[in-house]
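Attaching a single structure in structure tokens format; questions to follow.
Should a chain be cited, it is by its letter among A, B, C and D, assigned in written order, with residues numbered from 1 in that chain.
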């Protein structure tokens, strides 16, 4: 039964769900193997103790917390951007929203795992949850880690709903086109969506409220992640700029991740017709804005510290600016500003490829930024006798690589089961678009096939 | 009246001999981590004698400074703990409840004095070194943060003994292991709430200052700086 | 007769069909329109505009706020433990928990009331036609009153492009 | 062993429900025998038992905190578990005159001697090549039969003079028993060997003050203190007593601000506390003392006659030490005349003032002259036997003159036929030029009483492990550290863990079982009995025992190695943690950060920053130290506490064979030392070697530092 001529949008976007190439299986297998290596590394760490990681006295936080902040930052790609664009009713957002929101959900899940991975006794992590227990003790709500627990849970709940609710009409569409087990699964997941005007209206106004609610939550999440650092009087952590600085950095890295994901989808799922250069152009402009904002924050932070000349802060300042961490620091500056700025400023370079190059640079730069916020400060606390140094161990590196693999794998799998571009939203964007006339007999056949 | 335990470290007496360090290991069941782990920065010394060089050869001097948990009143390590493992107890001690600790190590970061130590692995005592362990001090498992307690086991014992006899703990009768061992008497421990105690009187010395005082953590350890020799004495 | 409906490709036609049904005296809430997209530009998609979803969200938020307040302010006093010289009930940090609980309440209330008011999950009605997800707009009446039933066919067919179907 | 003991020990209770149940689980670990407890214990209640710290010669009285616990023990050849009183912590004994309730870092760690995992648990006999470390367990009966047979053979053949005993310098009844045993069997006197030995200062004190004894510095009442290389707060003499007195000197004399000046070539841990630190070339400390005395006499602050006999021991003293004017001192030491004059005036004006010399300053070929110079300075300002000055602890037990030196054994043409070793480790701690290991290879039969296998006892044919000090009678008859006699004797603080025997009891047992009885027989059956009986050694006479000697002329220190080829003075020093290496087996001390370098589990070479830069050596880089006698490799520590023409290295590491914690770790500085000595006492001049240094490799991770930075404000560039 050939329905392609009926609805090219739906057909293009649904195709990946029904046709899977050998390449997909191959790469999924490779990625899954890497993820399993990560799981094994974690098991190894739990068995032998967190000491297999490179953390030490006094650098109690290392790669794991770097990755935590990084992934939580990446998670700001989706829901926040999509919510903002939804509220300002930016038309070009329509093909972008879902692939962005998926990044949020998976990046949050991965990011939220890192605090667990880094715990000395991860099997007791549930003690962070507020519940009446025989221990008669509740979480300490003065601890930024408990704030994290609440903020991340709220954001994750919101983001998952924000992703799932608008997916229902598309699931219904697949239900109507699928047969066999797919029909059953998608039929169940579609919750009996029919597309009545009432349903559409509820969905639209519900999403409007969610968009309003999710924006402050997203801002609060990364602010609270920043609070994990700025609440401690550690040199160069104890800064009021950290909240907005982290939020800006999060959006910055989030957009970069989104651009890379979109470029990959465009190439691999042949979605050139839906993800236009203009999308990259627009996101590229946004990335440029965030790059400038990032540079502004860094300058404000550095200048304030330098001008204040407080000895313990200056120790950290010089360690990053000219000392042991300087190579990483200047790499970060190059990646976050020197590379993206010209690419994204010059119209000629702001192509799909250009945006992807800039985004890769930004991802590397922002990862380094998180590393450089955490480690140099801990290694240079005021009593110089207790200065230390940190080098990551194999377990930490394997786990980090595994989370990148997990992200790609989850994204691939998701795009296998759900149209990665919201079909109904795209159709709204393409109006008016009368469906191609369908022969009566085909309609009759559909009718017979209805659930 | 409640006790408020504090300490005075007289830097004019301290000779940097580190008797306090081993005394603490012996009293508090601190694990010996071994050379490999020590090389990775996992050595555990609840009390350390910091050494700072000043000047260059031959006009060189050394500053010793024993640093242990300062038992801060406004301890930065406490609030950041999500499980109340680190909190202020009724004697003003910065208590660490090992059983509650889930190992976020946030307290270790928040502590400006870096006096918190983490069990990166299960501590090992090669047989029969376990016979040296102090039965009054619990062992800490892998993944748990630990720190100087002011020898809380001794405080508890002294309190219950005093309570049984319905008296207050006499000044000087109770000492943590470090202060007890210190040959030069550089460490003076006692109740800051008792204005007549030696520690309270020494805390008021004009030689006194707190470590990183401007952070406002209200440490309960007072450092008495070295007394200078004046050429006029010649 | 259980139901009668017509499929249109053109939203303008669907709008005409809705008006035709109204002309027959079909009650507003008996007219069913199904589509694969919202068609917010058309009057037929606005027939059901109720705005109280915002109030539910607000109520959810207030509930979350109260829950957050109780969670923090009461549990802190159940076993009062001092940390860092902060008050036992520390309003500043508690505000963060209260905020997150408020937002969580609002989000959950929105999502739940969205699903309930949109009758999700539910079984597909007899009116439903999979052609809707192909892009057709379905206009119809479920369980029409007998006297009207026969005239509905005509009214729907009267709009150009309509393919009328009857479910027995 | 009496039948009653057998019953008490052997009665196996198999058999509490738990252990029976566990045994049935089939896990061999749990198939343990549980012996009936040998003592009444209240669970969880601590008992304090006195003992004496054995780790150095200071003789600190300690209290062991004993609590009950389950220990794996050996009883009559069977391993099992028993509940027993176990010392858990050592504290200084407040009633003891030396420790005064305090204890040093090493004394705190003494507990691990008893519970050390590599402690010998039973007698052993060598089975492999000598030195291979292969031993087999044997019974005490077999071991003693063999030893007695050997002794009988030697005595029968009239070769009792071929029996040698090498132990550590000990004082008290145990030393007395050894000496008596050897005397009565017809063997030479025991050899006392210790690397950091104090023969020079004892001899100097004998010459100056008529006391062959270590001095006690009454710091608690001193107002002005000049140290000449003496590490009296760290590793030398009686550190706990002097540390306690130092605390009182600093803050126990209301209204007095005291001054402490330290004169030395490398900043010691003691020097680190000085108000003024004076760097001098090695071997010239005495010149400074003489220069101070010169100024004091020249300015008429004190007459030369005030120095009395101590002054008379120094040639030219009565004439005002004309050869040691400030300008001369500057020529020797580089100290400006103005500084010498100032220090002299301060020293004379701020009495009680005292000078103290010890340790590295005496480890020179002119060590005795250096010590005599400082003694004369003390006497000049009237600081001998007065409050705030040099005191001598009254002792009941005193060595009558110097003990026999290892050099006499080593220097002899023929190797002894039978060697008894008691904890001394001369193979590790004597310079290569002494060829101690070669000598020991030629000894037909070696018996070691030590509780551990070390570089020397690994050569033994029989290992007869002694009890640990906590399992033994302990005695303290301190030579120094207290103004009053501070003798103490304490019974064992715990039952023995293993199948070990107290060495004095073994000697007594052997003495009884010899074919030809000792002449006269030893009057004691057991060591218990002996320690409670009066001593046979005459007390040291209060008056000077010998007539005043002739004055000694100042002699410049001689050094081994051409200055051209070997441009650096090599200054080994006692490690605060490991002392001379005899404590390298204790994990607590291995993991102790060194006070000045903060190094743990490491050996290192201290190099001046300028020198290091010139030679391209960075911290942690591997450096080779080469003398005319050997070379060692160790990582570099860049230290501002040492001059550009010297390098220093702690003793203690570089063990080949000394338990799992010390073996194969770091390097031993003794390996490069020249066999120079102080001629009058024969004491090794361990500071008299010159070396060259070279970088031989990048940091290999063997330098483990606890501290992250050496300065409080390492960043000088501010905003720049």
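In this section, a contact is a pair of C-beta atoms (placed from the backbone, for glycine too) under 8 Å apart; a residue touches a chain by one contact, two chains touch by 3 or more.
Predicted, not measured: the structure shown is a model, and the values here were computed from it.
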A-D against B-D, pair bridged by the larger set of C-beta contacts: B-D
Most central chain, Cα average position: B
Separation of subunit B from subunit C, taking each centre as the mean of its C-alpha atoms, in whole Å: 64
CA centroid of subunit B to CA centroid of subunit D, Å: 30
Euclidean distance of C-alpha centroids - subunit A vs subunit C, Å: 29
Two or more partner chains touched - positions in subunit B: 43, 48, 50-52, 76, 79-81, 84
Shared-contact residues (touching 2 or more other chains) in subunit D: 598, 707, 711-712
Subunit A, residues touching no fewer than two other chains: 137, 140, 142, 146, 384-386, 388-389
Interchain contacts, given as pairs of chains that touch: A-B, A-C, A-D, B-C, B-D
Subunit C partner contacts - residues on subunit A that touch it in the complex: 3, 6-7, 10, 130, 136-138, 140-142, 146-147, 150-151, 153-154, 157-158, 161, 165, 168-169, 172-173, 175-177, 191-206, 209-210, 213-214, 216-217, 220, 224, 424, 427-428, 431-435, 437-438, 440, 443, 446-447, 449-451
Subunit A-facing residues of subunit C, complex: 7, 9-11, 32-41, 44-49, 51, 53-54, 57, 61, 71-72, 75-76, 78-79, 81, 83-84, 86, 90, 93-94, 96-97, 99-101, 103-104, 106-108, 110-111, 113-115, 117-125, 127-136, 163, 165
Contacting residues of subunit A [partner subunit D, same complex]: 306-307, 309, 311, 314-315, 318, 379, 384-389
Subunit A-facing residues of subunit B, complex: 37, 40-44, 48, 50-52, 65, 67, 76, 79-84, 100-106, 108-110, 112-114, 117-122, 141-145, 211-212, 215
Contact set on subunit A toward subunit B in their complex: 48-51, 54-61, 115, 118-122, 124-125, 127-128, 135, 137, 139-140, 142-146, 149, 228, 231-234, 378, 381-386, 388-389
